[in-house]
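The two complexes that follow have chain A in common; it is paired with chain B in the first and with chain C in the second.
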Partner chain A sequence: MVILREGICPGVNEEFIKALQSEDIKTVEDFVSCNPEELAQKCSLSYKALVAVRRVLLAQYTAFPVSGADLYEELLSSTAILSTGNPSLDKLLDSGLYTGEITELAGSPGSGKTQVCFSVAVNISHQLKQTVFYIDTKGGMCANRLLQMLQSKTPNMEEQMEALQKIKVLRVFDVFSLLACLQNLRSNGLQKASVGGGSVKALMVDSVSAVLSSMLGGKQNEGMSLLMQVAGELKMIAKDFNIAVLVTNHVTKDGNGHLKAGLGQSWSHGPRTRVLLQRIEGAGTSSLRTATLTKSSRQITGFEERNDLIMDK
Partner chain B sequence: MHRTVPSLPLAPSVKVKLINAGFQVASDLIDMRPLQLCKEVGISQQEAVEVLQMLRDDGQPHQQRAATESLTALDLLHQEQALGSIVTFCSALDDALGGGLPVGKTTEICGAPGVGKTQLCMQLAVDVQIPVCFGGLGGKALYIDTEGSFLVQRVADMAEAAVQHCTLLAEDTEKKIQALEELTVEKILSNIFLVRCHDYVELLAEVYLLPDFLSEHPEVRLVVIDSIAFPFRHDFEDLSQRTRLLNGLAQQLIQLATQHSVAVVLTNQMTTRVSNGQSKLVPALGESWGHAATQRLILHWEGLRRLASLYKSPSQMEATIQYQITVQGFRDAPDEPRPTPATSAVSSPSGNHSKHPRMEDRS
Partner chain C sequence: MEFRNDCAKINEMTARVRMAENGAQLVSRLEGRQSLRDIEPNIFPVDGGPGQGDVVEFHGLEGTGKTETLYHLITRCIMTVQSGGLEVAVVFVDTDYHFDMLRLVSVLEGRLAEGSKEGDGSENESEERVRSCLCRLSVVHCNSSVQLLLTLQYLENTFSSQPSLGLLIIDSISSFYWVDRFNGGESTVCQEANLRKCAELLNRLRRNYGIVIFATTHAIMRNYGSDPGVSEVPGSSSSSSSRRWRSADSATDFDKPYLCKAWQRIVTHRMLFTKSHVSKDHKQVFSTACTSIMTKGVKRCSFHVMEDGIKFVCDK
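Let's look at the complex of A and B:
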């Protein structure tokens, strides 16, 4: 609902608005849904002026249908697949992270979610030479570890520094700052970053559940709204800027004692692909993990891969 | 401004009224006067003033910068190297942690009773004060005690041992000798701020007051909460509320750690989990609390040996090392022949060793 304001289009000035307000018409929606003839009779505005304004407003605010074929063409030309740097994880994700989509990693503490995010960031900044935005909500971002991973990929210091400069870190610790950050990225942050050379191809949020889980449940009525807003912002960023979004989530136990990703049913519609990471029982302090595909629009779920997540390789 | 109204940190009832009146974006609101807003939206004068105040604060340059300024990983690397870490005087543990407890992150120490969590915390409160020229941070410490297990006499013993250790290290450099003169047991004790919280409400209130405290005392480099489990494990009927409170607390603590460059250390207790007919000792406070701290260290017994396992860390590999508690404090275990596999196969979580730190293992 957009409020009618002077200057919203030529012909709408203060008197116009006052006259409309006396008829209880405050928003664009109210205005276009009433009959201009009747309106002209009720207030002292000319029919011609009303019709002209109506036409301009309709042109500005309507959504126009697009044909499926055009959409498909656009999809083919703009989607890119980013490799995660780990071949078995790529296999699980049907060759990698797709731009324009949200991919989610869920797992218990210590299962390796942050490490996978690091290795994806390092791969994209070093191999693909693109910029990555990393939103850290838990303090897990450790530049030393990124350097360690880069050092195992290339001994050249210049390349390492260049790759580190392509990873941009934002630290926010509550959901309102996260929303401010995402909205800012959407309006001008991402464009500014791509102007500096190297387009932004990936955005990571580690983790989404840390900021949202304290707002859900109990007598709080805002939690779900904030959750859907975060999901909406991430989707818009992914779609509008052709970016691959990777988020991490915690896990909870369902009725049968099996692990499932947190944040509930409403959040589960946000990510297109979901992977569950687990430690291997009884293996002590080994670095092996299993990754299971729990939701995918392209592959059969239940697919499991064993991974060595210490990415010195 | 490009903030949408639903994403603003305002009371839900006020937001609903704003949206119903047709305001979608923050920029719609910014030019309004309180009285105007009051009439159009139907909220009280007080609420209208609060809304506009919040928008004005949001538009302030330093707030905007916090949300929009991004550091590159390279800048972050330089920052991390400048921050340093707090040594524990147990070299095996320091190696496993990559130099010591990292400043700017939260570390959780879990363990059964008597294994040495409070000893480690007291050791850290002393170690953070070691002067910069000896490889320490030269900072102060804030110790929030919820269990009442802070013993000043023990800290004095540890402080004395630390001073002696530094004396041995000092070569004839001017700076070091000067620093050594200032490093006395009294000085060390006076640089530890002690707070005693009796229940979870006091603990939450204290954490709310911490940002102001840390701004007034910028030399504080360590905040210890010993223990965070104790106030939350008694008298809590609504477990989901407990989870929410703990998650909110964790976020506040990591925000403090990052913004004020302090190391936050939390101690946790252990609880028994029964699954498939077997019982296992796991850290208390639930599954979701495991995500709260950045690093997790689990202290446990294996026969008569005390072991520390790094269970979760963003930058270090998992490792298990042995340590001991001596008169001087938290130290490395002496080298001893490795036990045969048969005896060490099963760790005994129920090894009921009594809590007499000063009488065990005299080195």
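Let's look at the complex of A and C:
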């Protein structure tokens, strides 16, 4: 709800607000839903002033329609596909991470989600030379591991440092700081980063369930609302800045004992593509994992790929 | 109390007439819009297709084909009559940044290729055709229920001034459910206030301008009784719902209506989407079950989702 206050737009001064409050109109939505003619009759404001203010408020707060043809042109020129550096993962994802979408990696602890995030970050910063924002909510970010991965790609120290500089790490440990961080990024962080040369093409959140799952369950409405707000922020960032968003999630079992991504039905509408990572049974401490595509708007789901997560061999 | 309500209604109706209306607006209000009754006979009941002023709710879990069906219906509307379409302009309100224009264009290209003759023009021509079809579509993104309400108010002007606009799609109208529920505090009335105002506004739009409304809702509330598994927050809120929808199959345990009563009152058709079995040639089959307040019984249909859109497998 947007509360009507002085100065919200030209023409709205204190007496305007007082006159509206006497008619029990306190928010912008109430004001816009009222008929200006009736309002002019009931309170002491002029019809002209009411219509003018209504028009300005509508212009400020509504979203404007875009023609389909223009939207298509814009998308053709701005959508990009970022390779993850791992050919079998790329095959699952239909050539890589798409900008403007959220891709989700789900898996139980130790299934390799963080390692995959590291290798994707390293690939984007080194191979594609683009900036990556990495939001770490579990404390699992380890710069030494990133360096190790880079060292296997190039022996040149300068290149390694350059690539490391392109990975920006943000640490948040609860959902409110995560929301604040995402809102900050949306309002000025991303633009600042792209001014410094090198555009931001990817945002990773490892992991989203670490901060949200403690808020869910029981009769807490706040948890669901925060979950939807986080999903909304991530989607807005993906769409407005043409960024590929990669998030990690834990897994739970459904009624039939099959693994499914955590955080419930409401969250699952958010990501466009979902990959489930699993250890291979009986393989002991090997680094082999299977990745299964469980949700995709572009490919048939159920595809499985086995891959070795240790990239520097 | 009734008398006051009636007075208020009369006041509103005459106020509408008193408001200056130019010629185009008058024509668009009186003449009516292009009929969408045979937009897709496969999924709507016989003689029960969406007429003017009908509101169709597409309900289902994620990944059950709701948005694909919307793309299919949009292409049918925006294509020219020669290519097999209806030449009706569409407004698409996207509330969760879900709209995939590139996917819509591949479905559109597929259908245009089907409709045109062989060797009919070069690549440039087909691009031109796609572009001219896309000019009949407008997309709006909303990120909160307040913005949705204000945008619908703004769109009212658009509907009155463009008689070729026959379809409003909202995907999806349930995206702000949890955020509104929390913002409204303890009072259910406050929680539902924005959606109720949107539903009232949509009711006015469909009555005055005769447009058809399609809205998708996500199935997030579990029906108790069938599967005592882990579920979302107990929905003891507004959704002790309309008995009239019980006749549809409740084969899934996620088809409980949970949006406010004002919305449920204006819905005339309800389509439930589910994922069925996997067919012999490894294709996922999706099914719909459509009920409407005007016809008895349930119209069922199945489809596959292919590269270039939906392919129906109906056996009726």
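Please note the rule applied: the second predicted complex is superposed on the first by the 311 of 313 C-alpha atoms of A that agree within 3 Å, B and C clash if a C-alpha of one lies under 4 Å from a C-alpha of the other, contacts with A are read in each partner's own complex, and residues count from 1 in each chain.
Rule of thumb we're sticking to: a residue touches a chain if its C-beta (ideal position, glycine included) is under 8 Å from a C-beta of that chain, and two chains touch if they have at least 3 such contacts.
Just so it is clear, the structure is predicted and the values come from calculations on it, not from any experiment.
Look at A:H258: by the touch rule set out above, it reaches neither chain B nor chain C.
Residue contacts after overlaying the shared chain place A:V2 against chain B and chain C alike. Contacts of A:P109 after superposition on the shared chain: chain B is touched, whereas chain C is not. In the superposition on chain A, contact of A:S67 is made with chain C only, not with chain B. Considering which of chain B and chain C touches more of chain A, the answer is B.
By the document's definition of touching, both partners, chain B and chain C, reach A:N221. Of the two partner chains, chain B is the only one touched by A:H250; chain C is not. With both structures placed on the common chain, the touch criterion links A:Q229 to chain B and to chain C. Shared interface residues of chain A (contacting chain B in one complex, chain C in the other): 1-2, 218, 221-222, 225, 229, 252. By the touch criterion stated above, chain A contacts chain B in their complex at residues 1-3, 26-27, 108-110, 114-115, 118, 133-134, 137-148, 161, 164-174, 176-177, 179-181, 183-184, 186-189, 207, 209-211, 213-214, 216-218, 221-222, 225-226, 229, 250-253, 257, 262, 285, 287, 310. On the side of chain B, the complex with chain A involves touching residues 2-4, 6-9, 12, 15, 21-24, 28, 58, 64, 66-74, 76-77, 79-80, 98, 104-106, 238, 240-241, 243-245, 247-248, 250-252, 254-255, 257-258, 275, 287-288, 290-292, 294, 296, 309, 311-312, 314-315, 317-320. Only residues 1-2, 28-29, 32-33, 35, 37-38, 57-58, 61-69, 71-72, 75-76, 79, 218-222, 224-225, 227-229, 231-232, 235-236, 238-239, 252, 254-255, 264-266, 268-270, 272, 295, 297-298, 300-301 of chain A touch chain C when the two sit together in their complex.
Listed in rising order, the residues of chain C touching chain A in the complex are 11-12, 15, 18-19, 61-63, 78, 91, 96-98, 100-105, 130-131, 134-143, 146-147, 149-151, 153-155, 158, 175-176, 178-179, 181-183, 194, 197, 201, 218-220, 227, 229-230, 232-234, 254, 282-284.
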